[in-house]
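Paired with chain B in one complex and with chain C in the other, chain A is shared by the two complexes that follow.
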Partner chain A sequence: MSSLDRTLEQLLVLASDHFQVPAGTLNPDDDFFKKLGINSLQTLDLLTKLETHFNVEIPDYELQGVSDFRTLAERIHSRL
Partner chain B sequence: MKRAAPDLSGCQCLGEALRDAIDRWKDHVVLIEADRDRENCRLTYLDFKQQALPLAGALQQSGFDQDDRAAIIMSNQSKWLIGAYAIFYGGGVLVPLDFKLTAGEQLPLLAHARVKALLIEYPLWRALTQVPGFKGVQMPIVLVAECPKSVNLQGAMRWEELRDAVEPRFIARRRQNVACIVYSSGTGGRPKGCMLTHENYLEQCQALMTWYPFWPGVRYLSILPTNHAIDFMVGFIGPFVCGATIVHLRTLRPEFLKDAFRRYKITYVSVVPMVLKALESGLRARFKELPRSRRWMLDRMISLNRLLTRNRPNVSLSRRLLPQIHEALGGELEAMITGGAFIEPSVLQFFYNLGIPVANGYGLTEAGTAITVNDLKPFRADTVGKPLPGVEITLVNCDAEGIGQVATRSKMVMAGYLDDPELTAETIQNGWLMTGDLGRIDSSGHLHLFGRIKNMIVTEGGKNIYPEDVESAFDGIPAKEYCVLAVNYVWKRLSMSGEQLMIVLRLEQVSEPTVTLLEELRVRNRRLLDFKRVAYYVLWDEDFPRTASMKIKRGVLAERVAQKLERDTALREL
Partner chain C sequence: MNSFQGKTLSWEQTGEVVEVALHYEPCNEIGSATLKELEKLAGLLESQLAARALIFCSRIPSGFSAGADLRELYRSLQSLTVGQRRAGVREFLERIHRVFNLIDTTALVTVAAVHGVVFGGGFELALTCDMIVADRTARFCFPELRLGLVPGFGGVPRLKRDLGNGLVRDLLLTGRSINAVKAGAVGLVSQLVSEGQALRVARGIATQVGKFDQEATRAAKQFVKPIPYEELRREIDLFCELFNRPVVEAALRKFVESSDVQPYLP
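Moving on to the complex of A and B:
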């Protein structure tokens, strides 16, 4: 498993926990706005949790235009 | 300090109003930029001038002259204002572009505006240079902020290295000259560049400050980007000319937002409805967690506050009755400002009951920002307020219930759309701006909005989405014809909430879409920014009505769909 895959896997677990959905229900290419019914402010909340977990600062703009977990994992990974 | 509106009647242009403010308020703090819990900078009016003039000088030295156009594409930060000041100082025309658009959407607008200069943040510049066709757009002067030193900007200037430029020459403009070109739509279709004059802005500022005065000591929290019309007026021009302080926060994270209210003792803040609703949910959740006795006491105090402020807000009284709530927001919040999209009256009432008036309003870019605002005399959660001083509104083609299209006339109405006299003539008729929104004026002069007669939606985040603009995302799908429309435009509904888009599909020789087609539609839809996505598809079995030049007659198609199909059965979730 590549380190990017590991980041993605951890991201999915953290997102499931944060938005209280059963583990394994979120997939890498899911549109998180649609699947979780959330708005951009709620994704910022998740970002804070991700920063703590990965010990990295992720500026708000990194979320711009991102709506699936895989791309989000790539953005985080590039800052690790 | 006296809370009075500034007298801008003698001012000819924004450059003059801003320059005079610097001369007047010299040592007052004008700008604070914070990022999370860090403070990036704190500038007095004189510091601001020292940062802005070298920029104005560099622009002039590079050939930027009066009436030349300069675009700014930046997030919410202090350089936005410094850049705008430099552009106005040199008599230029500002083109504020939404930094949240994709680079592929920004490029055609830069081309349409024929900008001579571009002021941009590095990550946004990098994205722009990667758009196909970028090299075909002429932008002789590019100034890039916050670029890593290791990057070669290949001809573009680096903001942080501007020094010792020539002493800039102040160039005055007349009230009727264009100050800004603001794009109200047109990211994929017909660009609508609203030409707003210096007079439009000076009059708007004067009117707004009459009802919601700023004064030295006011701290305005700017979380909306300044390309947003509301923030441009109440987060830049208004506070600046009144000697107030603007606090930029470069993140919208709730934890830092709360901290900023307290740390800077914020007086005013502008928020889009989505943020206001999030604040409400957060507060309600905290109220729920309170022990029963404290919750009982809080409810009594809220009821008492509501009773005592039913005719007029009394913020100092509310602060005494509900100290914990006000202290959590810094203890000096006078009001929150919102607009740009529909907001539920219950949300407005919730905050008013806590002693935090929300200045709700209604406006259009074409009308120079706000047309009506709640004057709080008394607070009304059920309307979008009364016309600002100097603004006339009327209703056109009213039905039996007195609901008609809202039209407005004032010195704040734009000069027209850039390079589009035909659209200008459709929109401004005999001096009246036709808004395309349906409203009714009650006996107290308050405007109530009921829906739209135009093919568009407005998101909770305050974004205008024109279906034509998202249509290109579906280019090449295997359907005979398709057209994107606003659902409420097809089936008229007297509602400002729940606005969504639909795609009308005319299929090739089949009555049901294939799984492949639906998957293709969904993939394309996901590529759109979340607020632009199409919610439904509708199947249509007739050829689309078209003009001689083969453009779809959207209005006719919408009418036919509404006549032939029932809304609830026709809409299928995409």
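Moving on to the complex of A and C:
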């Protein structure tokens, strides 16, 4: 498994845990706004959790146009 | 005993500590209703108040405050002439500045206990306080440039007072939010605490500061906390100058009409 895949895997686990959805229900290409039914404030909450977990700082403008987990993982991974 | 139950905020004095709780749905947006009640609080601060500390906190789960009431601002744009808008926004800002300056200079030691979104005007309210205690969910942001504006409630002069100019430029010019860990690392946040613990820790601070000689505390606070009056006045002028432009109305319309998938993201 590549390190990016590991990042993606961790992201999916964190997101399902944070929003309390069953593990395994989130897929890399899911639109997280639609799949999780979340708004921008909840997304910022998730961002905080991700920054803490991965020990990175992700400017939230880098999330512009990002709505799937795979691309989000790439953004996180680029900061590791 | 001082207490007040308002529509947007309430306060209660217990011993020598006044606790102000913001509770205006959806996220303590600061508009005319909040301003009116903050002015009542300002009146209390100007009275012979037998208190040593003032704590601000929020009962809204999503955060301390999402900032100015942009929906109210947009509605006012629709109903007023250009001349009325100019006068109205200046009057609003001058009133907010008067209240925020009073909080900034009160003899009471002030603590903002924050969580979740601490954006725009909400961030500016927190910056009037002597200390910010943030739980790990807190995020700080000046999103005003996204609307073609600059912070108008005194945020930039106060942030410059507390932080290195480089980070001030970053936050202002990118409109990005920073988390509580980063805010603690740069000295914006005095104490970083677990989720839900900010108010408890703020109460601990209030107890601690109440132990010391009141006159010495007042003098120390005045000594270490200069008020940038000239810059605050210039900020009002700059905000008013930028406000009456079509790009601002367009940005406000976009925010108000959004489905709220991404309006708080840059």
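Here is the rule we go by: the second predicted complex is superposed on the first by the 80 of 80 C-alpha atoms of A that agree within 3 Å, B and C clash if a C-alpha of one lies under 4 Å from a C-alpha of the other, contacts with A are read in each partner's own complex, and residues count from 1 in each chain.
The rule is short, and it goes like this: a contact is a pair of C-beta atoms (placed from the backbone, for glycine too) under 8 Å apart; a residue touches a chain by one contact, two chains touch by 3 or more.
A quick note: this is a predicted structure, and the numbers were derived from the prediction, not measured.
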Touching partner for A:52 - first (chain B), second (chain C), both, neither: second
First, second, both or neither for A:10, with chain B first and chain C second: neither
Which of chain B and chain C A:41 touches, first, second, both or neither: both
First (chain B), second (chain C), both or neither touched by A:71: neither
Chain A positions touched by chain B in one structure and by chain C in the second: 33, 39-41, 44-45, 47-48, 59-61, 64
Chain A-touching residues of chain C, taken from the complex the two chains share: 27, 62-63, 66, 116-117, 136-137, 139, 174-182, 260-266
Contacting residues of chain A [partner chain C, same complex]: 33, 39-41, 43-45, 47-48, 51-52, 57, 59-61, 63-64
Chain A residues within the chain B interface of the complex: 31, 33-34, 39-42, 44-45, 47-48, 59-61, 64-65, 67-68
For the chain B and chain A complex, residues of the former touching the latter: 75, 100, 102, 123, 250-255, 274-275, 278, 460-461, 526, 529-530, 533
